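Quick one: the structure is below, and I'll ask about it shortly.
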Amino acid sequence: MTTKSHLGANLTLDVDRERRQGLPEVVYGPGKTVEEIAAAATELLEVNSGPVIITRIDDVAAAQVLAAVPGGAHVPEARLLIWRPAAQGQFTLGVVTAGTADGPVASEAAAIASCIGMRVLDIRDVGVAGIDRVLKRVDDLRACHAVVVVAGMEGALASVVGGLVACPVVAVPTSTGYGAALEGVTALLAMLTSCAAGVTVVNIDSGFAAAMAAYRLTQALWPSAQ
Amino acid sequence: MTTKSHLGANLTLDVDRERRQGLPEVVYGPGKTVEEIAAAATELLEVNSGPVIITRIDDVAAAQVLAAVPGGAHVPEARLLIWRPAAQGQFTLGVVTAGTADGPVASEAAAIASCIGMRVLDIRDVGVAGIDRVLKRVDDLRACHAVVVVAGMEGALASVVGGLVACPVVAVPTSTGYGAALEGVTALLAMLTSCAAGVTVVNIDSGFAAAMAAYRLTQALWPSAQ
Amino acid sequence: MTTKSHLGANLTLDVDRERRQGLPEVVYGPGKTVEEIAAAATELLEVNSGPVIITRIDDVAAAQVLAAVPGGAHVPEARLLIWRPAAQGQFTLGVVTAGTADGPVASEAAAIASCIGMRVLDIRDVGVAGIDRVLKRVDDLRACHAVVVVAGMEGALASVVGGLVACPVVAVPTSTGYGAALEGVTALLAMLTSCAAGVTVVNIDSGFAAAMAAYRLTQALWPSAQ
Amino acid sequence: MTTKSHLGANLTLDVDRERRQGLPEVVYGPGKTVEEIAAAATELLEVNSGPVIITRIDDVAAAQVLAAVPGGAHVPEARLLIWRPAAQGQFTLGVVTAGTADGPVASEAAAIASCIGMRVLDIRDVGVAGIDRVLKRVDDLRACHAVVVVAGMEGALASVVGGLVACPVVAVPTSTGYGAALEGVTALLAMLTSCAAGVTVVNIDSGFAAAMAAYRLTQALWPSAQ
Amino acid sequence: MTTKSHLGANLTLDVDRERRQGLPEVVYGPGKTVEEIAAAATELLEVNSGPVIITRIDDVAAAQVLAAVPGGAHVPEARLLIWRPAAQGQFTLGVVTAGTADGPVASEAAAIASCIGMRVLDIRDVGVAGIDRVLKRVDDLRACHAVVVVAGMEGALASVVGGLVACPVVAVPTSTGYGAALEGVTALLAMLTSCAAGVTVVNIDSGFAAAMAAYRLTQALWPSAQ
Amino acid sequence: MTTKSHLGANLTLDVDRERRQGLPEVVYGPGKTVEEIAAAATELLEVNSGPVIITRIDDVAAAQVLAAVPGGAHVPEARLLIWRPAAQGQFTLGVVTAGTADGPVASEAAAIASCIGMRVLDIRDVGVAGIDRVLKRVDDLRACHAVVVVAGMEGALASVVGGLVACPVVAVPTSTGYGAALEGVTALLAMLTSCAAGVTVVNIDSGFAAAMAAYRLTQALWPSAQ
Amino acid sequence: MTTKSHLGANLTLDVDRERRQGLPEVVYGPGKTVEEIAAAATELLEVNSGPVIITRIDDVAAAQVLAAVPGGAHVPEARLLIWRPAAQGQFTLGVVTAGTADGPVASEAAAIASCIGMRVLDIRDVGVAGIDRVLKRVDDLRACHAVVVVAGMEGALASVVGGLVACPVVAVPTSTGYGAALEGVTALLAMLTSCAAGVTVVNIDSGFAAAMAAYRLTQALWPSAQ
Amino acid sequence: MTTKSHLGANLTLDVDRERRQGLPEVVYGPGKTVEEIAAAATELLEVNSGPVIITRIDDVAAAQVLAAVPGGAHVPEARLLIWRPAAQGQFTLGVVTAGTADGPVASEAAAIASCIGMRVLDIRDVGVAGIDRVLKRVDDLRACHAVVVVAGMEGALASVVGGLVACPVVAVPTSTGYGAALEGVTALLAMLTSCAAGVTVVNIDSGFAAAMAAYRLTQALWPSAQ
């Protein structure tokens, strides 16, 4: 059922999603007014019972929305607003980056994963140009249920990690780099043609998509919806 | 350790992969001679203990390899050779196609998944132009641990299935279609920008990659390697 | 005949278009000065007899033009200026969006369609990730003479609607999305390869083009020009 | 309801489409065996009552299918098989080409349109390099309910025709040309950015899509489905 | 000989060009300081004897350079600075645009052509959507020694003009348009595949290149260099 | 006037072109039957009075057409059939190639230019990797009225020649090269961005377009049409 | 060993690189705070013994970092900060540009090369449109151990230089140019398909990469690492 | 000096290249007749004194050329013909591949390098999905003067090797892979954006270019030309 009391004419929420997929709709911030975001958060908090998340929100809007909808938390490096985070479960997600510039995308993935109940193992700056860095962390990576690899430029870290662990690997290309990096398209194509079998890929810079892919894994292990 | 007794000078197998990831290396057929393929199969059968698989092999070569390395099975519609298939486990994988032309890619995914121990639920020809077709199968899809969606042209089926089930969805774009389908690139891009959160994508026409991604899921559930 | 009394040296209007196609030329705002826009509106109001429309005009310019050419209306969400709107006819146009960010493009299509005499049925936020949303509106959609589907990202809604209705479907890809959405190119390609037969496509973000395509349909039904 | 008595395991027909959209599913020939095509034709002839069409079928397969499913007609220049063509209705469709090489695509559009009940006005070789050719046919074009423009290379004919007639114009880019024609992509992009307002576009070389778009127009005029 | 008295360390002029090609080097403004531009103009005025031209200079920089190097003229709509324009010769160049937004590119072509000695026939806003507009000017176009066609979007005007005149036609694609216009790439590709034989093309938005191509034609007629 | 006595239903000639542009329509061979080509040649020979040319015809078809339409000549390396070549005029066209593989495209340009009345100066294999080769020919090049530069790979020869001569330079990119040569697109883009001012470009591999561009130059010098 | 005393949580340096490759890690400035850059410089100065370099840093940040980490030098035209430059060795690197706009990229290459111990021969503005300019410098170029060619637009200078010298040539495409220059992609593709055998290419605008490629050459001559 | 006694009209050799760059021109086989290739080989053997090489020649043509020009050797896996190979010098070149399908490109690089005097260290099948394979060979790689890395798909091996050795690394992307590998473009882009500083790149599948780049290195060490 779609209740519209808090929402303007131009905003419809998929409030049924929690029932169908175990998690309320996550609201994408860009293109929405502060009022629309606040209304969406209020609506989801009322009609659903799980975590409520706004993505890609800047600091100014975040403060205004929090003033209107109390009880939430702002995670500025991940550009997130979060209400009602889930309790930590048993699923451990590794989030690994190649370089410093991949940080914000990794932060988005890690913060969302944490908010919806995963333990997160954060490993930063282990790009393949200094291959020892990732090799030192193999045992940590092998202890995860799944690993998200965040890398720009040529995205080679996804292939190396994909060959080191047996668990699911979700590769997130980032728009890091210039020229032939083509704003992330090069990393995207490289990850899709990874020589490490069974690596899967999400959209450029989408830490959100990676976290949601990991969430789907938790549903295969311990189904909460349907 | 890399034993080379059966292999020619130009072929090195990653025989350590079974220890590292729970499954022997899968051999990609194209560009290899019958002798090289037979040597690879023999080597893997000796040094590893799990299923041995050759992909994308044509009928003539398949017969020649089987004559040289007995005990295998040929799956012609999936262009596979298989020795020592795994016993069926508890993991159910849905393999869903949009149209008839997506069939061979789905067959590759299904046959590999089956060979490495998954139950496979095969659902064909449920493209979104007749949306009732996939809606009728929702209960079946929701009973799977993961779903592989195989579609060409605009690849919209991945988004629809992604919104219907909570479990992992791996989208395989196919080169079905002409003109603006750009030999699968359109479906690939469309799946990467799916409005269904957390759908992941593999390379065009790669039923193999989808099956291996599903295999990684089984390792998250019941780790056999590491 | 081209009268130039109101126009500067660099602006020629196709004032014959109303005779040829039943509707005065629609003026594209960007790249024109307020004086040029006002002169064009004045000219069209004098020489033609139908609705006069300026597209993609910002709020400041709109106010200045209206001050110079009274009698018009500003539709800010659609970035339009309108004089002399047509009386509502019998043709009903459905305008359907996938998500919130597609709203401004839909508003442009709807406002122009309304201004040139169509009834408009506005359906928002029924993207395929929650397929129930569009299924609930099938009867409404089937009551339209034509449907405009506005969607970004993977644009899958066009295929689903195209399979549900028998009437003409005009798909408008939007630049909604990031990364692999390629500023609307992905949705454009996806819509062109739709598995729903006979869906046609216009340029990215062009609500204007969709409304004009619908207008051409009215000319097939009840020709006013030629 | 999906009856499967005539179909193999890998083929599902959307037999409900005639009820939903007024016309049986049209079967795309490539990638299907003669047996599959014959089974599909038989099935559609039994379960539906309208015209049955197979597209893009070569001469050898066409003869074999006709031997198995009597009563059909082969249109070789359009690569079609047709059973049970509709009676001619009141809708006149203009099919216009720029050059000789666009002929087969136009033939596909014209033959399908004719088979599903339209009158077809065939105008060939009126490309804009000799602009007089199309100007001589303006009265004929203005007498149509809709016009399909088939052109490769730079596809300029769509813009010229779009400016001459008031009725719907469906542009079909063709893969005619070499080098910078990019196998039809240049014409596709050019048609999408036509300066003639309201021209719509279908996939490269898809005479079928153009005919189906025209069919949807007939449904707006005289609805037969729903 | 390269004299460097007026130039800084980072600027070398091709002062030999006037001897080799009949015209001094034209200086591209962007990326150069006011001092560098003034030094280049001074140098060229001293060492060469023909017209001196700076392209793509904004109003502020233009005023500063003119203050430092007196005797020049500023053509703001063409973003040019000009010293020592040539006397008008016998060569007539037609400069034709499709729409208002193509104006600045046409102005650059026309002003440079005029400065280096051509008569210019300026025809604006005769895009093919209202084909009568260009047809009315055929006699004028046929009186030119060459015609420059400036058009964005689908660039169809180049093909139509190319079919109407026998003289050289240089097509200039512009970045006018949005979405599928791809910032001028669509017009560029369309012009390169023009069905009008012998149309040649220069870079996107390069009124300068078109004028220089026309200048080369004058050298074929009445060689001044070599 | 379009006479159709020799032509089939699917072929219309622009027989008015000779009056409008001084030269009969040139017939593009691919996609036409021997009968259609023979009919076109016959028609053009009857209705027009200038040279008749068929392009891109293979040896077998050429022999068959010549048997049906006597009096013509076959130029196999240029894939041309020619009837009624023009007398040699005063215009000298340089045709220059970078490497051996560019030869067939240059031959097409040279043979057509010769057939329509130009003197041709043929210079082969002077690519810039051995810059002395082209420098030795500068005096020859400067004696031409125009120069066609035919080059694949990076197409740099066009820039070098463009800087050496003052007359018109028409650059023809070829599909010579592999990988990053992108079947001629790289040379095309490189030539469009040539640092030699006023170089113009035609479609990939189009020796025909270059010859026709040169023909237009002759019309500027000594108009024969209009 | 990775010491972290000076670094924040989000920054890991590859301090082992000097041992492995003879030179400390070079720090890419964009996306890092002044504090992070200062910490990285401090760390590298302590743990390594060679030159410390920050790239692509703007003037404001450079001043702030220098205040925090004394002893460094700012090279504004190359956007570099440098501490502990190496003594000049025997290796001479030529750095050659085609035009003025390529200057900043060349400055980056030259300044880094100089800082890590090379002699630099700087040759500017010798683009191929005036081929004499580079020919005059052949003896200078032949005296170098390696040559870096920096060019935008069509990048032809790399091919000409590549054919004149026997030593290694590293081509750097720049984003100079507009339209078909595609922000450096055209020059990149052109350089990759150079007809001069053995020219190698680095990323667009990457003077840094060219200098590092030259550094690798010095390691082949006089290995300092490993 | 260009002697033409052995060559046909359409073939010019750069016989001066040996003097200029220390090595005779290498002849690219495709597009040349057996007679042309034999003539070129004969000419180079007479006029130059160094190794003579024909590339990309098939087995049949190779046998025919060898019959006409005795004394040569055929290297079929590298598709080469070689006369007068150089004596082995002191320069050691590592040639490393990621997978079996990269073999022919590596063979071309290795055979040419050997023929022109280098020692070659051949390392095959050490792709990053099994990272141990390349790590085991680090000491061997560090003993080389330069390393050529040959890899298709995502090309990640170039980055890993680039981070392990200090000497020059030339990356050769191959067309190995399908779908998103885009026939080598993905590997090309990935290598150009390598996170390992100073890796340089040559054209797709060009083992020849890599060998020639290595040859240029030998000229920096021990100049033989100029």
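For clarity, chains are labelled A, B, C, D, E, F, G and H in written order, and residue numbers in each chain start from 1.
Methods note: a residue touches a chain if its C-beta (ideal position, glycine included) is under 8 Å from a C-beta of that chain, and two chains touch if they have at least 3 such contacts.
It should be emphasised that the depicted structure is a prediction, and the values quoted were computed from it without experimental measurement.
Ranking all chains by how far their C-alpha centres lie from the centre of chain C, first place goes to H.
The distance from the centre of chain B to the centre of chain F, with each centre set as the mean of the Cα atoms, comes to 51 Å. We define each chain's centre as the mean of its Cα atoms; on that basis chain C and chain D are separated by 26 Å.
Centre-to-centre spacing of chain B and chain H amounts to 36 Å, using the average Cα coordinate of each chain.
Within chain H, residues 20, 129-130, 163-164, 179-181, 185, 188, 192-193, 197, 203 each touch two or more of the remaining chains. Under the touch rule stated earlier, the contacting chain pairs are A-B, A-C, A-G, A-H, B-C, B-D, B-H, C-D, C-E, D-E, D-F, E-F, E-G, F-G, F-H, G-H.
Listed in rising order, the residues of chain A touching chain H in the complex are 98-99, 127-131, 135, 153-156, 159-160, 162-164, 177, 179-182, 185-187, 189-197. Interface residues of chain G, counted against chain H in their complex, comprise 20-22, 26, 142, 145-146, 163-170, 188, 192-193, 197-203, 208-209, 211-217, 219-221, 223-226. Of all residues in chain E, those touching chain G in their complex are 9-12, 14, 16-17, 20, 28, 30-32, 36, 173, 175, 184-185, 188, 203-206. Those residues of chain C that touch chain A in the complex are listed here as 100-101, 103, 124-126, 129-130, 132-133, 176, 178-181.
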